[in-house]
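Scrolling down, you'll hit the structures one after another.
The two complexes that follow have chain A in common; it is paired with chain B in the first and with chain C in the second.
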Partner chain A sequence: MKLLFDGVSRSALILLALFFAALLLAPMVANDYVLVVLVTILYFAYAGQCWNIMMGFAGQLSLGHALYIGLGAYVTAALYVKFGISPWIGLFPALAISGAVGAVIGFLAFRFGVSGVYFAILTIAFAEFARIGFDHFTWVGGSGGFFLPVANYTQNDFFNLRGSQKMFYYILLAMTVGAFILCHLLLRSRAGYYWLAIRESPEAAEALGINIFRYKMYAVVLSAALTSLGGVIFAFFYNNLFPEQVFHISRSIELILGPIIGGVGTLFGPIVGAFLLTGLAESLREIMLRLGVDLPGVKQVFYGICLLLVVMFLPDGVWPPLKKNSALIATLTERRADHGAPRSQRHFEKLQRSEGRAERHLRSAARKDRGPDWPERRRQDYMLQYDRGCL
Partner chain B sequence: MTTEVVLKIAISGVLTGLVYGLMALGLSVIFGVVRVVNFAHGEMMTIAMYLVIVFFSALGLDPFIMLVPVSAVLFALGYLMQRAIINPFINRPEHSQFMLLVAVAIVMVNGLLLIFGPDSQGITTSYSFDSFDLGGVIIDAGKVYAAIAALIVAVALFSFFRLTLTGKAIRACADNYNGALVVGLDVKRLYSLTFGIGAACVGAAGTMLMIVTDVTPAIGPAYTLLAFVIVITGGLGSMPGAIVGGVLIGLTEALGGFFFTPSAKTMFSFAILVLVLPFRPQGIMGRKTA
Partner chain C sequence: MIAGVYKPDAGSVTLNGARIDGRRPDEVCRAGVGRTFQIVKPFAGLSVLDNVVVGALNAASSVTEARRIADEVLETLGLAPKRMQAASTLTLPDRKRLEVARALATQPTILLLDEVMAGLRPTEVDQMVRVLLDLNKQGLTILLIEHVMRAVMALAGDIVVLHHGELISRGAPDQIAKDPKVLECYLGEEAL
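On to the complex of A and B.
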């Protein structure tokens, strides 16, 4: 408990509590449509948070997270439909299988030094492999799809996850809050610091004695297992699964747009990103409806243009500048040193602020002429020293 | 009989693979020099393919004549893309570049959907149904012509990079960014040129591919993935690697589709990728880099 609240200012806690209360009360006033939108937002916020563990914390870019969503969805749905096993029990095998698949991918990649773009492509390859595999896996319907029985439920059957949208909303809210708290704690744990170190510079982390293979594996397995929980909800909320949709690369991209737009490696990024993107998509739909434009693709073109503008002008995502500029929000997350935070925390803040720019910052600092010491020497060799590191 | 069928399938796989290789060559050149992974690669190719359809229906030009204008248009597109939006992203982290190109890809796919509709479209040339008979092994004439054209374009590209001054300058940028700056090369312009050249490759590959297949707006991501698989199998940044990878993947998909089911054919190329990555991360022809 102390670890949870330590260094978080009171005003931040109050704001968070207000935000949480608003989310808790939202279903009372929201109509069905708004509720579905909110469920979508929470789903993306949760999945984005899980992806963020791998990319935002440990710096491993995964472009195949739909794989874990799909595995979670298919395993629990199959167990429920074929054997009548409750999803609350079925999620354990789902977690285990997703974690194991994550471990295999992680092992293949990290053991053999596959990283960066190559790692991203490897994750895509596995997701696509699964997509085509499930297309031919007739036991769960193959490409024809797998359906959960749907009826008009008068009463929520919580044990079998059958019921109204409100129930799913609250489950997802609990999951999102849980993931948020977990990430918050993780960032303050030993593993969290190790991950940030690995993200910033794997070589330096290894030189300091961090077992980077092991900690990268932890990140992948944890992220994979948690993501599959999102898949469980996906399956029982939508009641139909098609490999073409569930495992498709566009699903993976959809999942990670939120955290990237919101701010990679930040706790609020995935949540802010999910609200913004789903809100954007829905409002575009609404605007097109009002204008009477009913052409396929119009909405997505505007969506793409908005994404383009955000990436171009907010390189770190929406959240970091928001956090920096707004005094109100600054108090929300800024763990100030004068609040008696331990020294390590201030260091952590610095790490967190760097958002992967530490290296570039160092480089730009080196470009500045630092005075008269060895000017000739510096001029001649720094160009070569600060090689771009990619050749 | 069966050997002949298998041989026919294998040869047609290799021929298609050569065209795929040309497409992947574009990606490889772009990555090798600019160090940006073009996630809108397949989408750019669909643009080229639709250009072919437009030129074909408006002017009735043969695809081999269209090779030049389509490549030129794609060159311009690539040049402008790099100039306007990608150059500022060169020093940004990978996920940021990825986002940018995904956004570009979304706009491209849906722009095409908006203009041309979701239906599959194709062209029919005078030699669409011709074939060669090599002692019982029957091969589509269109595929042979397409593969030959792809090879010619690839050879032209190799000689451009080997023999011309601009080509050497571009290779210098790829070998040592800071060194290129020091000797006074306009790296930004060369990057734009490179992206244009990569895009022109895609344009040529797209034109050739129209001879053998149809196009829908939604096919883009599949080609992007295919190009990735080929390039990584062959060696990212290696030009011969892209062609070798293309042939290997083309052959694998053709045989996989024949011996198992056609819908599962891409699974085999991903399996190859998964096998190649851990054991030879730099690809079959790739140089070992730090």
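On to the complex of A and C.
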């Protein structure tokens, strides 16, 4: 508990609590459509948070996270439909399988020094393997799809994850909050420090005694396993799984847009990004619907425009400048310092600014007070100018 | 090679009697060898304090303890007032100091310093020399690669002079300063 709240300011806590309360109460006022949008937002916030562990913290770019979503979805759905095993039990094999697949990818890449873009390509390749593999995996329907039985449930069957959207909303809310708190704690742990060090400079990290192979593996396995939990919800919420959709690269990209637009490597980035992106895209769809315009693919174009704008104007994402400009939230990550030292990066910049102002003031004062030697200095300046012919 | 980045073709590296050659850089560090990089490699996005905390975690059992060690090290090296700044905002001399701070925080038994004085002003060199002398007195062995003579002469007990990878002289500072071979390659033949 101490670790959780240490260094987090009271105003930030209040703000967070208010935000959480609003999310808790949202289903009371939201209609079915808005609820589905909120479920989608939370799903992307959760998955984005999981991806962020790998990319934002440890600096390993994965473009194949749909693989883990799909594995989680297929494993729990198959266990439920074929053997009647509750998803709450089925999620353990799902976690294990996703973690193991993540470990295989990580091992192959990190053991043989594959990094950067090549690592990203490797992750895409594995997601594509899975897509084609599941296309021909007839036990779970192959390319024809795999369906969960749908019926109108009069009451929520929490144990079998069958029920209303409200139930899914609250489960996803709990998962998102859980992932947020986990990431917050991770960042303050040894692993968190090591991941950031590896992200910033692997050579320096290694020279400081960090086993970079092991810590990169931790990040990949943890990220993969947590992402598969998102897949479990995906399967039981949508009730149908097609390899062409679930494992497709567009799914992976969709999943990482949130954290990229919100801010890679930040705690709030994935959440802010998911709210912005999904919220705006759905509003856009609604507006188009009202206007009677039917343009397929408008959402993808919209995502593209958002990404372009963010890359051009806010390369660190939406969240960092938000945090910087809001005095309330800025205190969240601020740590205490003493003897007049800057309290934070922001405070440091402020100090620098004020120093600049003082200097300008001195300089302008010096201009006004020219001193008794002014005419002589003017004469020398004049002499030194080449085109006056004095040299 | 000592730090484990390159594997030796022949010979061995031992630390307190145990062989450390052929081991990975992180294993060498955990064995007690701290190193700095000639071309500084700060964790640019992290604060100065967090940079040193990463180093301190090598020996510390918890993050709280690592933070305490990091604070002490920053105090020793005069970086304490800048601990909350991002490492990317530091000037070069401060980055060099940060390199030393990070390596020192791993609590090594031998510290490898690669040109940490290059680019520092004479007063800054003297300050760094004082810090290193203090550490040396506390029992830390320092292997210094340096061409700032002011620092070498003030610090070293045993100097090895290499020219094109060949050993040309070895001895105490005052001996080295008189060695004709050293003078020849530093000042040129005409100077003699």
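The definition used in the following text is that the second predicted complex is superposed on the first by the 324 of 391 C-alpha atoms of A that agree within 3 Å, B and C clash if a C-alpha of one lies under 4 Å from a C-alpha of the other, contacts with A are read in each partner's own complex, and residues count from 1 in each chain.
What we mean here is this: contacts are C-beta pairs under 8 Å (C-beta built on N, C-alpha and C of every residue); 3 or more make two chains touch, one makes a residue touch a chain.
As the structure is a computational prediction, the values presented were derived from the model and not from experiment.
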item: When both partners are placed on the shared chain, which of chain B and chain C touches more of chain A; value: B
item: Partner chain in contact with A:Ser283 - chain B first, chain C second, else both or neither; value: neither
item: Contacts of A:Val114 with chain B and chain C, given as first, second, both or neither; value: first
item: Which of chain B and chain C A:Ser201 touches, first, second, both or neither; value: second
item: Which of chain B and chain C A:Arg188 touches, first, second, both or neither; value: second
item: Chain B versus chain C as contact partner of A:Ile212, first or second or both or neither; value: second
item: First (chain B), second (chain C), both or neither touched by A:Thr138; value: neither
item: First (chain B), second (chain C), both or neither touched by A:Ser11; value: neither
item: Chain A-facing residues of chain B, complex; value: 31, 35, 37, 85, 88, 91-96, 98-100, 102-107, 109-114, 117-118, 174-179, 181-182, 217, 221, 225, 228-229, 232, 236, 261, 263-264, 266-267, 270-271, 273-274, 277-279, 281, 289
item: Parts of chain C lying in touch with chain A, wherever the complex brings them together; value: 3, 24-26, 29-30, 35, 37, 41-47, 49-50, 53-55, 57-58, 63, 66, 80-86, 89, 102-103, 106
item: Chain C partner contacts - residues on chain A that touch it in the complex; value: 188-190, 193-194, 196-197, 199-201, 203-212, 265, 335, 337, 339-345, 347-348
item: Residues on chain A engaged by chain B in the complex (per definition of touch); value: 55, 61, 63, 108-109, 111-114, 116-118, 120-122, 124-126, 128-129, 132-133, 135-136, 143, 249-250, 253, 257, 260-261, 264, 295-301, 303-305, 307-308, 311-312, 315, 356, 360, 383-384, 386-388, 390-391
